[in-house]
Amino acid sequence: MLLGKVIGTVWSTRKDENLVGSKFLIVRQVNLELEPQKSTVIAVDSVGAGFGEIVLVAQGSSARQTTFTKNKPVDAVIMAIVDKLDINVKEQLKEILEN
Amino acid sequence: MLLGKVIGTVWSTRKDENLVGSKFLIVRQVNLELEPQKSTVIAVDSVGAGFGEIVLVAQGSSARQTTFTKNKPVDAVIMAIVDKLDINVKEQLKEILEN
Amino acid sequence: MLLGKVIGTVWSTRKDENLVGSKFLIVRQVNLELEPQKSTVIAVDSVGAGFGEIVLVAQGSSARQTTFTKNKPVDAVIMAIVDKLDINVKEQLKEILEN
Amino acid sequence: MLLGKVIGTVWSTRKDENLVGSKFLIVRQVNLELEPQKSTVIAVDSVGAGFGEIVLVAQGSSARQTTFTKNKPVDAVIMAIVDKLDINVKEQLKEILEN
Amino acid sequence: MLLGKVIGTVWSTRKDENLVGSKFLIVRQVNLELEPQKSTVIAVDSVGAGFGEIVLVAQGSSARQTTFTKNKPVDAVIMAIVDKLDINVKEQLKEILEN
């Protein structure tokens, strides 16, 4: 899954009939320090994510495995809202020293 | 999903028999300011998108979840025409200041 | 789908038994001006494409949606031979001026 | 599959109901010398992987082929813990000399 | 499919129970001149490929379409051993002259 932050919404009236009611959110990818990265993805929300929240996005056919997205033409879904990341300190230090 | 703009059409006479009647559009990826990016994708239209319109493209197996593309050998479909993007201003500013 | 040009063939005797009879073509990605790009993909031919022809390649599970590739371990298929591209002139000009 | 090292955990309370009990690990991609690379992926653990372990990650629909991930909206799974890599010395040397 | 060369093996004792008996090979991507490239992928062998052999790798759900990989959590499979590549000379020359 991709780690990202909800930064906006896409509005669409003309869309596939199965998508009526689906909410398209704009998610900007973030790194492990939660800093915004360049790439963004448009994902359907299945967990009630709000602006500024850190989320996990599942892509591909896995994006259709929620009750909100089943059999729908969507390739990205927000399936979890992140409480916190827990990064192993020793690993983090080693990586900083090595780089 | 990928955000893009319809910029052309691909004409093809010799194609898989299941694709007769499918309309292949050329979509150039755009960023959140709707500025054209380098990458393009050829996608089947399922919503009647026209030249210059901003659209969402679903890729992979999800591209086969519309009535127009079911069981067809296509890996990208236009499944929504975008009315507008709504980007959180605070997030936008923070990102500009941080970058 | 990806736009490419057929530039060669891959010969293979030892392969998955389901692939006997499948023709593997080497496709070089081209841009919208049909200029060769760096990346290449090996794709199964389902439409009788020949050397030098411009084709569309579908990837992922969609590559298995032709009668030639059904249930076979292939992740790329040539499913259309391109007659011509029709790019919106106004869009083209705007992009040239903006870049 | 992707070769990576487990470097952390993602905690999430609000998530798709099918994901209750799933453990999300942060995996940093490593090269064949096991040196950390830039990209990371969040993957569900299906083999009891711990911090610092070298693992294989399967992505896409294949990530749903374990008993832990079946029918769940996840696109990456840790499906093996790596004991060791065995790289052909001759190949390694040739590559070093050629590069 | 991706063109690559087998350069090693991954050993794993603790893995998904469906993967017992699967052989994980390290494949380095090669270009059309068979020169090693940067990216590598770990793929299950379904054709008895050996060290140094040039192979084709199918990825994604297509990697599960061999008898060795059916319903298993693997996203890359070696499904063919390459005898030779046949590149159209005229195309090759044109590309060299144009670049």
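Chains: A, B, C, D and E, in written order; residue numbering restarts at 1 for each.
Note that contacts are C-beta pairs under 8 Å (C-beta built on N, C-alpha and C of every residue); 3 or more make two chains touch, one makes a residue touch a chain.
Keep in mind that this is a model prediction, so the values were computed, not measured.
Novice: Expressed in steps between touching chains, what is the minimal separation of subunit C and subunit D?
Specialist: Each step joins two touching chains, and the minimum needed here is 2.
Novice: When the C-alpha atoms of subunit A and subunit D are each averaged to a single point, how far apart are the two points in Å?
Specialist: Chain centroid spacing, subunit A to subunit D, equals 19 Å.
Novice: As a quick test, compute the distance in whole Å between the mean CA positions of subunit B and subunit E.
Specialist: 30
Novice: In subunit D, which residues are in touch with two or more of the other chains?
Specialist: Subunit D, residues with two or more chain partners: 60-61, 63-64.
Novice: Which word fits how the chains touch one another: line, ring, star, complete or other?
Specialist: Looks like a ring, each chain touching just two neighbours.
Novice: What order results when the ring of chains is traversed from subunit A, passing next through subunit B?
Specialist: Traversing the ring with subunit A first and subunit B second gives A, B, C, E, D.
Novice: In their complex, what parts of subunit C are in touch with subunit B?
Specialist: Of all residues in subunit C, those touching subunit B are 1-3, 31-32, 46-48, 56, 58-66, 69, 77, 79-88, 90-92, 95, 98-99.
Novice: Show which residues of subunit D lie in contact with subunit A when the two form their complex.
Specialist: Touch list, subunit D to subunit A: 5, 7-16, 18-19, 24, 26, 28, 35-36, 40-43, 51-52, 60-61, 63-64, 71-76.
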